[in-house]
């Protein structure tokens, strides 16, 4: 874990993000603190991806402000993100990890690379060109790349959305292990089952607004808001 | 080198013919090397920066890819002529002038194609590299490295253009026997003298060289694809 | 990239280019006992330089670099200071060149002759010894005729022959008269392909290989003589002119040795150029 000032808590203060008449986030006020995973759920277009990107610092609020550990500007040194469709660098698997380490100014030791490969179950694939991996393998590599940077916060945007059940399970297990090891996980998913399996706290988004926020078990068994109930019943589609 | 059969000259390694081939390669390869030094950073610069007039620059680069060689030759001639602004360099009618003229022709090709390659690659990598907090200079080198195979093809295109042209180098070089005569200018000369068989022999050598260079670059590309996917 | 970063990349690139260029430039300048002679394509195509220059180099160690263009172009190249010596065959243009101050002095060197070339079976019926009659016939019958149209010595001579035959060819021509704007070899190639008539210098014709059905149809007319002159470019106008080396070349051409060498040059056993440096009227 990185020493020095922390990125946590990530504080959204009435943050809006919108372009050309389309509002993606609507006056979001939210505190992401150290602890168990924060799971973002909601229908398509509800703003999950935008929220993650804003939390990463890739998107600037059009209104309101966001701070990381109290600081308004924080380069993405202590946090890492895994995109829904991660881009593979035109290098080998090890090459991708090596790149992630060096851009994070971490020594590129072979042992560390092998360790990371093990963590995500890609042992032995070090020399393969990254672009030749299967979808699930690429997602795991993206995860390893993010972990290589030794982040305090790990953001994941629907990491299992395009994967088969076996790969999904593998990745979820890895994520749970990561959460247990002390890294703050913030994950967006549209899969309620996944939300339950990962646990922690759940934040329901709809039309760019936070509808409800509660511990996983509590939310899933006894949602309060109408939209929450509708969502759990599978009736909140858009 | 007169009209013994062209094949005889080739197989006996006639020194005059070898000198012509040597000069052709030196001129075109030097031009591509210099053009790469200037054109690749230039292309990357345009690809990665937003500035007013950017669209115009891109259109200009693309247009200059088709700059007629004789026009480039004329422009360089006027610059390097003793009566011109750079006349005191004494470069007119020398191989250096030919290199300069061909560099002028090749820079737009390399810059325009590099811009396209880097821009496409940047579209793909932008989010990841931004999320990894990669510094600006490192971004450029990463894109150039990851795009190296397309860039090799670009250099090839530049070499093809340089090796094939005659208009620019004949104007600034003067087609001086034994000094500024290359394969293309020799072919032009022999054709105009009516010595077609010699011209065809030279043409065959030229095509053979271009094929060899292309094959080498193709193998480099295949090897690279195996390595990096 | 920040504006500063951009600036440095550009500067770095320009410096590299400049460094390479200067290295190459100083290399070429440092080399050498050499001069640039602007001459004509027909002289070059005749092979005369291939014969003469090694003799000159052996004697003086001077490399002669010949840039072969049309006469008009050659004189212009010299006017710009891009040549040290001029060797062409258009007396009036040469004298004008000297009068303008671009040349030091004109020396006659040699002459060869023009020949009228045409299809062997001579469809226009111009065979003979009279160039004027031939040209008049060609015009009268609208027989296809190729003109170099490039301000070369040959071109200037051609136009003056038409004039002497009473025809202002620049104004009074038709589709049969084709100006190609290129050198003698190209003109012969075109005539060969089109079975047309063309005026050529004997040297280029003798060395020309792509004859098909072409042959000489008119020769020997005294009016077809073609006089060559050599001029040192005036260093007063262009200080970079290598006047000592250039003067050596001029001197050699008109010397007994040079004149003999010119007379010895033959194609297929036939002499091409007749040295006449001593002729006061040349």
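Annotations for the structure displayed:
Chains here go by letter, A, B and C, matching the order in which they are written, and residues are numbered from 1 within each.
One rule holds for everything that comes next: a contact is a pair of C-beta atoms (placed from the backbone, for glycine too) under 8 Å apart; a residue touches a chain by one contact, two chains touch by 3 or more.
None of the values given here were measured: they were computed from a predicted structure.
Chain centres were defined as the mean of their Cα atoms; on that basis the chain farthest from chain C turns out to be A. Chain pairs A-B and B-C differ in how many C-beta pairs they share in contact, with the greater number at B-C. Comparing each chain's Cα centroid with the centroid of every protein Cα atom identifies chain B as the most central.
With centres set at the average Cα position, the gap from chain A to chain C is 78 Å.
Centre-to-centre spacing of chain A and chain B amounts to 47 Å, using the average Cα coordinate of each chain.
Separating the CA-averaged centres of chain B and chain C is a span of 32 Å.
On the chain C side of its complex with chain B, the touching residues are 1-2, 5-6, 9-10, 12-14, 16-17, 20-21, 24-25, 28-29, 36, 41, 45, 47, 49-50, 63, 65-68, 79-82, 182-183, 185-186, 188-189, 192, 204, 207-211, 238, 240.
By the touch criterion stated above, chain B contacts chain C in their complex at residues 2-3, 30, 34, 37-38, 41-42, 45, 48-49, 81-84, 87-96, 99-100, 103, 136-137, 140, 174-177, 179-180, 189, 191-196. On the chain B side of its complex with chain A, the touching residues are 124-125, 127-128, 130-134, 138, 142, 146-147, 226-229.
Within the complex formed with chain B, the chain A residues making contact are 56, 58, 75-77, 80-81, 83, 86-92, 95, 99-100, 103-104, 128-132, 145, 149.
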